[in-house]
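In what comes next, chain A is part of two complexes: it sits with chain B in the first one and with chain C in the second one.
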Partner chain A sequence: MKILVAVKQVAALDEDFEIRADGRDVEADFLIRDLNEWDDFSVEEAVKIKEASADPVEVVVASVGPDDVDESLRKCLAKGADRALRVWDAAIEGSDSIAIARVLAAIARREAPDMLFAGVQSSDQSFASTGIAAAGLLGWPHAAVVSALTYAPGAKSAVFRRELEGGLLHEVEIQCPAVLTIQLGINTPRYASLRSIKQAAAKPIEVLSLADIALGAGDVGEAGSLSRVRRMYIPDKGRAQLIEGDAAQQAARLAEIIREFKGAQA
Partner chain B sequence: MSGILVIAEQRRAELRPVSLELLGAAQSLRQPGDTVAVAVLSSSPERFIGPLSLAGVDEIVTVKTAAAEFDPDTVESALGALIAARQPQVVLIAHSVDSFGYAAALAARLKLGFATDVFRTERIDGELVATRGGYGQKVSVEVDFPGRSTVLLAIRGNVFKAPEQASSPQVSAFEAPAVQSRAQGREFVELSAGDDVDMTAAEFILTIGRGIGEEAKVPQFRELADAVGATLGCSRPIADAGWLPKSRQVGQSGKTASACKLYIAMGVSGAIQHLAGMKHVSTIVAVNTDAEASIFGVAKYGIVGDIFEIAEELRRLF
Partner chain C sequence: MSRTDAVTRILFEAFSTVEVRLFYVLGYAAIAVFGYGVYVQIRKYRRGATLALEGGLWTRFGAMLGAVLSHRTIDRRDRAAGGAHRLIFYGFMLLFAGTATITLEYDILEPLFGIRFWHGEFYLVFSLILDIAGVALIAGLLYMMYRRGWMRLPKLDYARPDRAPGDPDFNRPQYRREDWAFLSILVIIAFTGYVLEASRLIWLQDRADVWDTRWWSPVGALFAEGLSALGLGPQGGGLLRHGLWWFHGLIALLLIALIPFTKVKHIFTAAASLMVRDPLASQRLPRVPESQEQVGAAKITDFNWKQLLNLDACTKCGRCHEACPARAVGAPLSPRDVILSLREFAKGALESGTLPAAAELDIHGKAPGQVAMETLWSCRTCMACVEICPVAVEHVPIIVQMRRKLVEDGAMDPLLTKTLQTIHKTGNSFGESKRKRGAWSKALPFAVKDARKEPVDVLWFVGDYASFDPRNQKVSQVFATLLREAGVDFGILYDGESNAGNDVRRVGEEGLYEVLAAANVSALSSASFKSIVTTDPHSFNTIRNEYPDFGGKYEIQHYTTLLKQLFAEGRLQVAQPLKYRVTFHDPCHLGRFNKGYEAPRELLKLLGCELVEMGRCRANSFCCGAGGGRIWIPDPVGAEKPAQNRIKEAAAIPGLEVYVVSCPKDLTMFEDAVKTTGNEGKFVVKELIELVREATAVRTEAAPA
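Up next, the complex of A and B:
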């Protein structure tokens, strides 16, 4: 039995940052990389299922990106994934979420897992698309924003709850293999122990080319995308009126605002 | 090939409010000669004809489905057939939990131009351009769709204004192909309350976010909220960690601060999902150490500073 978990190394912006000279992204020097917050939960969910299963289950994490992505993959291995694979080729540069999904779908065809997890979205670009697009390309059943899951590896179906707007949940039964996008809070992700971090260093990260997964340069990058970034810019700053002074002065003004509100209520 | 196709979203026999906002978005994109059709998928779609008969709608397309509630296979099959039949230039859907579950699959399979969480649409030199946020909403990103004859846009809620005036559009029925769905919806479950607070009724809310750092700090903010007469709320990470019950979570998947008039956000960065539940509040005060935090973009007043110091000073004054 096998669970494939798609993960992304996301980028947060440094406090001061600059837009790249071509105006289509942020200058790479200003990006701080880390594992996507949602992916922490999907890796944990897979590892939990593995630990609860009587049959052996392999948890494989996969990502698309250059070699610095190995850092995030190591993190997943330290948290209990068995092996990792990473696909990269210069042609992938400039891919939108759909082109990345094409790579993910090709990985899934090669790995043939019983279940594929992805995060609901990434904390940097928030497309909320990659996992479900991969499902569409694979022709697999799929569901998004899963906040509770009952699944035994190898079972023909799984039961989950998707988290709807406004505190409502929808319970659904789905045929497997399926693609599920995992929501924050579905579990409590573990911290990797020193021992598991050491062990992770010995686990394999396999690096694959496009040819290895039967894709060509035309399947990815701008050619394989359904959208193209035309321009990226820093929007006008918010209109919050800043309350200046030291903490006591700031608190005093805040107290005034509270009293004004209460006065208006009275 | 022309025209705009809007997909209305319904759940449990009610239109979701964002459906009507999509009609507003359609008006902003409409060019001379364009028609705006709105399609609604349901086991009894006729019930939505009245609510969708609004200014700017030329046609309502009813699509009868076997499934009463959202099902990805059903929606993808019906919309795939509808798009093939109509060949619209633009298809507008809500950026919502339902669309998370089907839109990308549909776009990938039909090779539609595609963008999600779009908050602005325009035509620049005749080309459709959609704007969304990037890097945690710290930048704006304009995307275009070279070579795509149909573009599917998932539109952010609470951005476009729904039309108010009624109209009497033409109504037609579209027969969706039969579909063997691979998922079966069972039941809806309301998140158990956890405690008896009703965030939607609270007029004054003090919300804590990730900035509080640890569970041990929760009681001091609970005490502060009591002292100033506010209802204590939280952002998602606090509820996920179990530090406060889910019923106190404000945001898209939690509660909307519907009745709130004064909202103090302490240590809340302002993720878009949180803003969805509170950005409408008339007086928002944000306290955060990060001057760049998105919460300052919706706040009326901002305090860049340490939430613990401010909390302590504020407590002395009540």
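Up next, the complex of A and C:
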């Protein structure tokens, strides 16, 4: 039995960041890298299923990215994943979420897991599409934003719950293998102590090239993407102001502002 | 036979050979049981992990002997108990020595070499000394009984804060029974000794060598007068002596046989524990060897032999129970009960012939003998327990080693988990960008040197709180100004500095501590400086005592000694004495941990402040509650916090104006506690640095602001 968990090393902004010269991303020096918050939960879910299972279950984490991603993969290994895969090739630079999904689907074909987990979204790009797009490419059933899961590895189906608007819960049975994107709060992710992260260095991180997963340079990067980032920028500051004075003065000032605003629109 | 030869201790007189042989059989049996018990105990300790002790055996022996003979550690904070124990100890030792010398002569020297010394004046003097020793012993024991029975000292109450009434190990009445049995058996032995002596005198009153020298045993002679007055004659005396001889002898042999199995063993375990004491037990926590697969104590056998011995050394005196700040505010922790729980666990698991399966050695949990995680997380690692323990039990490393296991399992407060992740990611507990570490210095009218870029005399290790907490940043700015005005060539590491790791280590996150220590040691070794000063006692402790284990040996001082030195050299001067009525809170890591009691007090005196000490000061200072990573764990809602307990103590000082602290965490904790205890407006909390500034800065204040 095998569960494949797709994880991403995300970037968070440091204080006083600068935009890259080409204007399409933040300068890498100003980014702090860490495992995507959602992936903490999907890895935990897979490890919990493994620990609860009487039959042996292998939890494999996979990521797409350069070698500094190993740090996040080791964290996953420290939390109980058995091995890790990382795919990287310079050609992957500039991929959109669909191209990344193509890589992920190729990994899934190679690994043939019983279940594929991904986070609902990544905290830096927030496309919320990689996992679901991979399901589309694989032709597997899928569900997004899973907040509770009952699954015995090897079973033909799994039952999960999703939270809907208005406090409704949605309980769904899905055929396996399937792709589920895992929501925050589905479990309590464990703490990976530094010691366990260090010890996880003994577990293998396999680095794969595009050729290893039967993809070509044209399948990824901007060539394999259907969208491209045009620019990344900080919008002009909004103009908030505190209106002071008594109620009548405040109302008068408010009316004045509304008039100004309407005038500007016209 | 001359008179002096005849005057001697009456031993087996009038005993049949069978009786004498029976006594020897019983004596050897008692020694055999004792020997077996010692074997079982030693086997128990040897089932713990190995540990190589530093330092010479004789130095250790000398230190132990000094502590035992002087009773220095038992006197502390309870002179009456120390005095009574001294009476018991010396009384018992003399009586034991007396009995032992008789054996030496009767069973060894005389039969083998024909040497006799137990007669004549030597005997008479010894007889007098032993009679007095018996009085001392009984007096000490009776006082101890009075304490247990009538004084109702809270520290001698075995009810546990980490158990509920009704739990099988809630107040452990078996301890009470054992205490009373121990005291009673000793009183009975001593008392029957006198009656035995008296009946012997009456029995042999016709023998001049006995009767005429009877006042060399004054207590025995008094008893004899009394018994005579009651009508006891020589014949009755003989019978009574015969019966009591056996009673007294058997009970004494019983006591010897029981030593290794009862609290009596503290005679040996406490002395041994004092001998293996580590004076830096809490200041410098044990490293985890790289090769060691498992981190922390999960099983009883994960403790080393010395720690297992520590468990048996505890005499339940309750001083740690009394000193513990967590216990004082009702948290489910008493250091005493951690030790006693584990002792019971070790007794159950490690005294049998075969070692139980690993699963039965798990010390974490809520069953009797186990320690609950709530208990372990209640500890502030403030060292109050270790510091006061009269028998050198080292609670803090035991608790931290158990926490290491909890951290490994992730069994901790979610906020603490978050903080540890934050520290790993950013190098500070505030989750701020590394780049902002030196940002507080931007508000100064001068630039603070970057010690990574240019050499400085004094490297100031700022620490997390003083770098990022807005209130403490103000203190940092004042301290920088003081150093500049005193002409000190100083600098900081800016973003090269990371959290020093003192509290991370005390949480039990050893791996993260290793990363932080390595990062700081590497940053420090890339800078050029003569010595380090720090405004943070926590950083002070770990850099001073723990970094040497990580290759970082530096000369470091807390700012209080540096400021004192600057005053002494005239580089800082008091422009206007402050005249405040103040009290001073000793930070755990400056005071108890590193004995920095004097410098802050001398500074306050220099500034012209009137220092009024709180009851709990210096070594007995009361933790603010922030230590051991507790600053990152929320305290239970509604319950009193240690800082509030402390502020209430200070508030009782009439006319108090300033509550002086010298630790950034103290400033945070106590300013909060002054508000939450409704003392706002009555007195203020100030950093000593701020008072120094106030007293020295009149010059600049004269200029228009």
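FYI, the second predicted complex is superposed on the first by the 230 of 266 C-alpha atoms of A that agree within 3 Å, B and C clash if a C-alpha of one lies under 4 Å from a C-alpha of the other, contacts with A are read in each partner's own complex, and residues count from 1 in each chain.
Going forward, contacts are C-beta pairs under 8 Å (C-beta built on N, C-alpha and C of every residue); 3 or more make two chains touch, one makes a residue touch a chain.
Since we're looking at a predicted model, the values are computed, not measured.
In the superposition on chain A, A:257 contacts chain B only, with no contact to chain C. Once the two complexes are overlaid on the shared chain, A:43 sits clear of chain B and of chain C alike. When the two structures are aligned on the shared chain, A:15 is found in touch with chain B and with chain C. In the superposition on chain A, A:118 contacts neither chain B nor chain C.
After overlaying the two complexes on the shared chain, residue contacts for A:182 are found with neither chain B nor chain C.
Applying the stated contact rule after C-alpha superposition, one finds that A:195 touches chain C and leaves chain B untouched.
Partner contacting the larger number of chain A residues, of chain B and chain C: B.
When both complexes are overlaid on chain A, the residue A:32 reaches chain C alone and has no touch with chain B. Put simply, chain A uses residues 15, 188 to touch chain B in one complex and chain C in the other. Chain contact summary for the complex, chain A toward chain C: residues 14-16, 32, 34, 188, 190-191, 193-199.
By the touch criterion given at the top, residues 11, 16, 69-70, 72-73, 76, 95-98, 100-109, 111-117, 129-130, 133-136, 138-146, 148, 182-191, 203-204, 228-229, 236-237, 239-241, 246-247, 249, 252-256, 261-262, 264, 272, 283, 285-287, 290, 292, 294, 296-306, 309-310, 312-314, 316-318 of chain B touch chain A in their complex. Residues 11-13, 15, 19, 26, 96-98, 101-102, 120-121, 123-137, 141-145, 159, 161-175, 178, 181, 183-185, 188, 226-235, 237-243, 247-248, 250-255, 257-258, 261-262, 265 of chain A are the ones that touch chain B when the two sit in their complex. Considering their complex, residues 288, 293, 295, 407-410, 412, 414, 417, 420-421, 424-426, 432-436, 509-512, 514-515 of chain C touch chain A.
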